[in-house]
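Which chain is which? They are A, B, C, D, E and F, in the order written, and residues in each are numbered from 1.
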Amino acid sequence: MLHLINESPFESNSLEDCLRYASKGSPILLYEDGIYAAMAGTRIADRMAGVAQDHKLYVLREDLAMRGVDKLIAGVNEIDYDGFVELVEENKTASW
Amino acid sequence: MKFGILITEGPYQHEASDSAYHFAKAALAKGHEILRVFFYQDGVLNSTRLMEPQSDDRHIQKQWSALATENNIDFIVCVAAAKRRGITDEVIAEGFKIGGLGMLTELAIEADRVVEFRA
Amino acid sequence: MAKLMIVFRTAPYGSIYAFEGLENVLIMGAYDQDISVLFIDDGVLTIKKGMDNSGTGIKDFSPTFRALEAYDIEKIFIDRQSMEERGLTMEDFVIEPEVIESGQVEKMMEEQKNFFMF
Amino acid sequence: MKFGILITEGPYQHEASDSAYHFAKAALAKGHEILRVFFYQDGVLNSTRLMEPQSDDRHIQKQWSALATENNIDFIVCVAAAKRRGITDEVIAEGFKIGGLGMLTELAIEADRVVEFRA
Amino acid sequence: MLHLINESPFESNSLEDCLRYASKGSPILLYEDGIYAAMAGTRIADRMAGVAQDHKLYVLREDLAMRGVDKLIAGVNEIDYDGFVELVEENKTASW
Amino acid sequence: MAKLMIVFRTAPYGSIYAFEGLENVLIMGAYDQDISVLFIDDGVLTIKKGMDNSGTGIKDFSPTFRALEAYDIEKIFIDRQSMEERGLTMEDFVIEPEVIESGQVEKMMEEQKNFFMF
C-alpha cells in the first residue's frame, strides 16, 4: 500500500500516524508540504533516515523544487508526477 | 487502468486542487482512463465559472474545464456539498456536472484505483 | 459485491470530514456492497457518547451512528491504541466496534476494492 | 471596547465561521462595538447568497446577514480573495460588501482587539 | 497575551508551538478541536497537567459539550462565549 | 503610527496563508505605519532560497520578499530555534532577518497595537 503524506511533519502528526500502521517495505510518497520531512539537517532527520530504511521513501520533485529544498536525507527517491502515477498503478493508496 | 480522483479541498486555499490536476494530466499521458473526478466538500469550489484569479496566476477552473472537455472525463460536483457552499447550476462552469454522493460509491466500485487529494 | 471501507481519522465538528464520512457510509450501505467502517486516530472521537450540540447549532450526528446497524452496516472496527491514547474505553462510545490492533489496519485497507479516509 | 474580527476559513468545511459568529454575538451582548468583520481567504465564502444548506442545519450566510443588518456592522469581503474563489457582486448576500485588503490594515489600526478565526 | 488553540493536540503541533513562546502565566483558551487537550486520561494528560500549572488554562464549554467531553484534567477552567469575550477584553490574542 | 506585525508561521504553497501574509505586509507598508515582520515555526520556510515553481504553475513569491526593503519594511525578525530545527542558516534565506530567541516572541507581539498570524 502506498501512503501519501502532504502535511509538514513539524506541524502535523499525519506522517507519524501513518508510520504506526504502515508495514515494513510499504512505499511512502511525500508531496506538497509533506516534502519537508525529507529535508536534510532537521530535528527529525535521524528519525527520517530510519524511516527511509524501513520503507521505500519517495518525494515529489515538483513540490521540492517549488519550496527550494535541495539537500535531502540519504535514501530518498525523487520522482515526478509520472513516477507518482506509476506508484499508484502498483499500489492502492491511502491519503493521510 | 481505470482511475478515479477525489478532491475535498478548495482551489487556491490549499495545493490539493493543483496536485490533483497535475496527477490527472500525468495519468492521462500514461494512457490511463479517468472514470470520474469527484469534487466533494470544499472541492466543489473548483467548479465556479465566476472564479477570476489575478491575470498572472493559474486559472484553476479553466484548467479543469479544458481537461474535462478535451478528454471527455466525467466531472461530478457533489450536490449536497455544493448547495451548502453556494455552488449551483447558476455558477457551474463547462465540463462540470452536479451529481449525488452515490456517484462516489459507484466510482469506488468501478475504479481500479481512487486517489484522494485532501488537506 | 465490492469490498469498500470508510476510515474515520479526524475529530468531529472542527472540520466536516467526519460528517461526510458518515454520509458516505449511509450511501454505500444503499448500494448493497460489502461495507466496512474503521475508526483510527482522532476518528475514534466521532463516536463519543454524550454529545450536546445545543450551544453551537451544528448538527449532532451521534443518532446516525447509533442507527448504523439498522442500515445493515455491521463490520465496524476500532484501533485499540487510538482509543487508549485518548483515554477512551468501549463504555465511552455510542456503538460497539470490534477492537483491532494497529498492525491489522493496513491489511484491512489492502483487502478493499477501494476505501476513503475522512 | 472596539473589536475587529478576521475570518480566514469557509463555512461548513471548518468550525471557524461558527465560532466567529458566536463570539461576535457574545461581544455585542456585552456592549462592545464591532468595527468590522473582515472575510479573507476561504472566509469570503461565508458571503454567498446561493448557499443552501439542508433544512435542519444552520444557514451560516443568513445568520451573518442578520447580524450585520440588525447591528449595523461593517462586513467586508476581501476583493482579491473573493475573485479567486468566484465570489462577486452577482452572488454576494445582504449585509456584506466587497472591499480591499487595506480595510484589514485600517481595522488593525483602529480596533482595540482583532481576533482571528482560522483553520 | 491570550493564546487561542483550536486544533487537536493529537494531530497538530500548534499547542506545542504556542507553549514554546508563551510566558509563564499567560492564559490559553482551548476551543473547537483544541478542547481535546484538556481531556482526562489521554497520553498527553500529564503534560497538560503541567501546562495547567504554568498557565491559566481555559476551555470553551460549548465545544466541550458538542464533543461529549466531560472528564477533564485538574486545573482547567470551563468558560462560555461570554468568558471568551472577557478574556479578549483583558488580553491581546494570538490565534495559533 | 500604530505598531503592527505580521507573523509567518506556516509553510509556503501547501496553503495560501504565507502568500496572504506577504500581501498584508505590502498593504500595511503603504499605510505608513510602524510595521514588523516575524518568521516562526514553519514560517521560516517561506524565505528559503532557490524556489523554482515551473513544475506547478503556482506563483513564486521569493522576488516579493526580496523587495521588502524597497517598501521600507526593515523590522524583520526570525526565531532562532525554528530555523535550527529545520536545519536552516542565514545563508539559506532570500533576506536577512534579525535573529531573536523564542523568549522574545510573545513580548514582541505584546508590544503591537495589533498583529496577524499567517
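Methods note: a residue touches a chain if its C-beta (ideal position, glycine included) is under 8 Å from a C-beta of that chain, and two chains touch if they have at least 3 such contacts.
Since this is a predicted model, take the numbers as computed values, not measurements.
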item: Partner chains shared by chain A and chain B (touch criterion as defined above); value: C, F
item: Chain pair showing more contacts of the two, E-F and B-F; value: E-F
item: Reference chain F; chain at largest CA-centroid distance; value: C
item: Proportion of interface numbers common to chain A and chain E (over half same, under half different); value: same
item: Whole-Å gap between the CA centroids of chain C and chain E; value: 26
item: Between chain C and chain F, centroid-to-centroid distance (C-alpha), Å; value: 40
item: Where chain A and chain D are represented by their mean Cα positions, the distance between them in whole Å; value: 37
item: Centre distance in Å when chain A and chain E are each reduced to the mean of their C-alpha atoms; value: 32
item: For chain C, residues that touch 2 or more chains besides their own; value: 13-16, 41, 56, 58, 114-115, 117
item: Sequence positions of chain D contacting 2 or more other chains; value: 12-13, 15, 22, 41, 57, 80, 113, 116, 118-119
item: Sequence positions of chain E contacting 2 or more other chains; value: 6, 10-11, 17, 32-33, 62-63, 80, 92, 95
item: Contact pairs between chains, per stated definition; value: A-B, A-C, A-E, A-F, B-C, B-D, B-F, C-D, C-E, D-E, D-F, E-F
item: Contact footprint of chain F on chain A as seen in their complex; value: 6-8, 10-11, 32-33, 36, 39-43, 45, 61-63, 65-71, 80
item: Chain E residues touching chain A - in the complex, by the definition given at the top; value: 10-14, 17
item: Contact footprint of chain E on chain C as seen in their complex; value: 10-15, 41-42, 45, 48-56, 58, 60, 62, 84-88
item: Chain C partner contacts - residues on chain A that touch it in the complex; value: 1, 17, 20-23, 26, 92, 94-96
item: Partner chain C, residues of chain D touching it in the complex; value: 12-15, 18, 22, 56-58, 119
